[in-house]
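Every chain is named by a letter (A, B, C and D) in the order it is written, and numbering of its residues begins at 1.
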């Protein structure tokens, strides 16, 4: 019904995950996974298509990529328009890896659940079975923005046999600059709230989320993903001591093992093997991610790893128009 | 595919309007109209259902009511949950009356197009033909928030044979307080831009919309809807003189004829005939609409017109949780 | 002790006013009045000097004109520098017309006290007696910014025999734009506070003044000055009804009689008689005063009244650097 | 002239410093130093008084402590009121250690000048010579807020023979939290400006200082004070690399040697010797200084060092009312 000649359509699949069942948070293991099928998918029933997994940012999930805005189209409308302008037809899969902590960073964590495994070992094969994909790494890409860009870049580095191209928009990296700066305020908020559990219990039902609370959720979420700690409240190892307020540098060291900037040297070959390695960042990124993007791509240049890097004159939010650039590029790279 | 036992489903219909064809703005006459069909719609193929037209606010269109948020569900998810909790099953129709000016206020205007006619004379009969509705005013309601609340309240007053119940959330009224306060700033912005056309031409492509620009679009949009003026640029009669900066009170007088507060006395009988007249507003509404809502309901009380009025401790934005209250109430009123 | 060759000095006189004694607010009738004496005042004990009364803005008093800032000198340092650059030597007098309501607008009001009379009939003769002034209107000017600019302009229109030149920086005028826009918010704040008295009682001791509270004090202050009302709480006739929230246009009409834009036609001759009529305003004035300044000076041009008008690319706050332009101009005009 | 029975008076002395002559920045070596003399100073010409040096915060200088505010008195009015309420009479000295970098942190630095030496070795003896002080450490205190609180605390630790009591309001400490968090933004601003010199050249004449620019000046200023570097532009060793954007942890290590929290262990005896060690901080300090104050006082407790610590429910700005508590306490301690 919502299909039109020249337009793709979106199915919102419901996927019951085995991996996420009994996750430590009590988050649902059944997820809605929107799948964009390009215009020819229904008209040419034998044809197979490349596929791009598009990862939402922190506090996001796949379905939000479909959100419509007055001057900012949903991702399916964007893809329709790009295809109408000549981009190769591609399937888009939009996983839901949201958690009570605001996100999963697409990693396996004892505090949140095994989202990396869910994505790579469950969703990828299921998509290949349920849809007419070109089911090989040469034709499978991964993309995302912010925490989704982090996820795309990290999973691309760790799973070169699964993903053959990636796009990272304004991705989390250089953690001193994008996370550490918020530790003092997050510490104050959590102290006032009386700990992680009480903070979350009070945060969730509030219709309006204050800026400082969002920032605190972000730090709590990162701690849940990067430094789970069995003995800590809700299993979240915080990078500061809630009693004294002092930094816990040993916890931040664990975070840094996830920093793409630190991961790069050990995964240079995986990056070198990609058909497309695309990064971009706004020059006024409020999380200072342009510093990280510049350092990351400087290292890529030093190592002679082919990539595309673009800076644009904007901040971190409301930049989904960048998909107009990256998705066609991925589609081309994955169609060859 | 996106249907599950106990859940409704959403169809995104494409409607080619005759009324909107050749509108003065050049906006599309074909619109996507999401229609929510409740759980029993597919399982009980003989049953007919009440229907509620839900009007989006300024800069919105029906499809945005489906937008998903991390802690704020889309309207279809909200309705599913309310029905699961015992609310009567109801069809929801979400018109798209967006224009280049940011909206239509659901009125007929020489500057924007005939959106009131489109809604009342085209969409209503089309819905009754295309879906198994209970096709009478007793079972047809209208609701909305902000400009959508204005639209619901005004159309309910003007078309009592069409709509038998209405809900107005934080609706535009008492125009001195909600609009007039922004005239000086809008005037400055338009003077700097060089007029309405140049303002819009520069505004549209900007990825980030500044606060003052949004405020200016709002005033331009209201002028386009309430005071079209053949000789003015783009047909928009501004409530101030762009050359001198002085107010044009005669234009604002035209606006006031649309103010629900001024319309009330002449339409008391229409309001009295409703099965449900529901209004609410946040006590900290940034557009000061609580003043209007209080004055409007004070007048209702004076006239002895039955209604429900609720105030809640919040502002104007991100209050779609109010639909959790109004939609079940409308569903009950329209199911009797 | 605080005098240096080439520098003027500041005396902070204490003036016990008869006019302000027993003012209705209980504000002190003894005031500190800083007087700037130029470099030659002490070295040339026979010389007489022109004098400029400089009026502080709302929530200000004369002494604040002496406030030092890291990149914005106090007014005495500014005057020293201008004189060093060739400006004629001039005495500056900085009255204190502060009230519990945040200011007096330099008018006589039954709710605040007789500040216009205090200034014109008490301070002017006292200054001529206490200091070696050139004691005639030809050598006596008045200047100010914001509410002080309003005061200078209004007193200049009303007392042409007292003041022979004036400078109005970003002065209050076109009251629809600079005041009326804040009525809805001020109404909400006062309703929540429980009236004018409770608002003030809670406001005063708070170490941090919230933006909305400042805005409300401004409206309360203007009401105290422009529309005193015997039967109202603290004698302040508000321009809206605190019970219903509705505007009281008859009160605003009283305000408009103080609007320099409305006063102009009846006082054209006074303005025409000035040796210097100087106005300026920032093009981004947050109180929208550039609209008023343009309308005022357009009318001056229409009437053929000589004046100087400058617009500068800035807002309303922190623009005391404009005195670097107006004070030398006044000094020259008053020295001829 | 500005003296009244029961009131003190302020002299603004001009002090020509030998130490500051030929400072590397080209800042003036002659400074205005306000001195508050208590009521009995003039009436009892034989009496000697304790003295407190009050240090202004970053971007401040002594004269700004005299700034008047509508609801926040100048420090001399505060002291008059406290003395009227029974506090011992005390002289207050307000040094001017402002620099082109926004301040000096009251330290000796090759990039700014020798402000610590100026204060301790020049101003202290000059005050004892020029005024009737009780000229010994038992009767000489030091106090300040923010960077002034840092200065008071640090100088109190380093010069126990000079100062016998100190008060530190919201003082800079725990530098990871109060400074490091602003490095990424300061780096971006400086990169865009084209380095430290161009940043300052553009910053100074701007009438309005943007928030990000102020933050950047703060980091530049701290670098000038804590990590002068001969080969760097203007001698300012930045804690990040302007070319790559990467942190320079070796520079930050130099900063940490100035952190009162790190200095404490080596200067415990000096602190123990004080007649009064007073600290306070707002619980919502925007620079997160409450974390530092808590850690500092926790260490004091651990070491058994007597002190007074107060937290108050406020932020970092506009808290000069805290002097109403600290100055009488210092006056009492220094009068015994």
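Keep this in mind: a residue touches a chain if its C-beta (ideal position, glycine included) is under 8 Å from a C-beta of that chain, and two chains touch if they have at least 3 such contacts.
What you see is a predicted model, and the numbers here were worked out from it, not measured in a lab.
Looking at the partners of chain A and chain D together, they share no chain.
When each chain is reduced to the average of its Cα atoms, A sits farthest from chain C. With centres taken as mean Cα positions, chain D sits 35 Å from chain C. In this assembly, the C-alpha centroid of chain B lies 57 Å from the C-alpha centroid of chain D. Residues of chain C in contact with two or more other chains: none. If you check the complex, the residues on chain A that touch chain D are 176-178, 180-185, 187-188, 244-247, 284, 288, 290-291, 294-295, 298. On the side of chain A, the complex with chain B involves touching residues 1-2, 4, 11-14, 59-61, 63-64, 66-72, 98, 102, 204, 207-209, 314-315, 317-319, 321.
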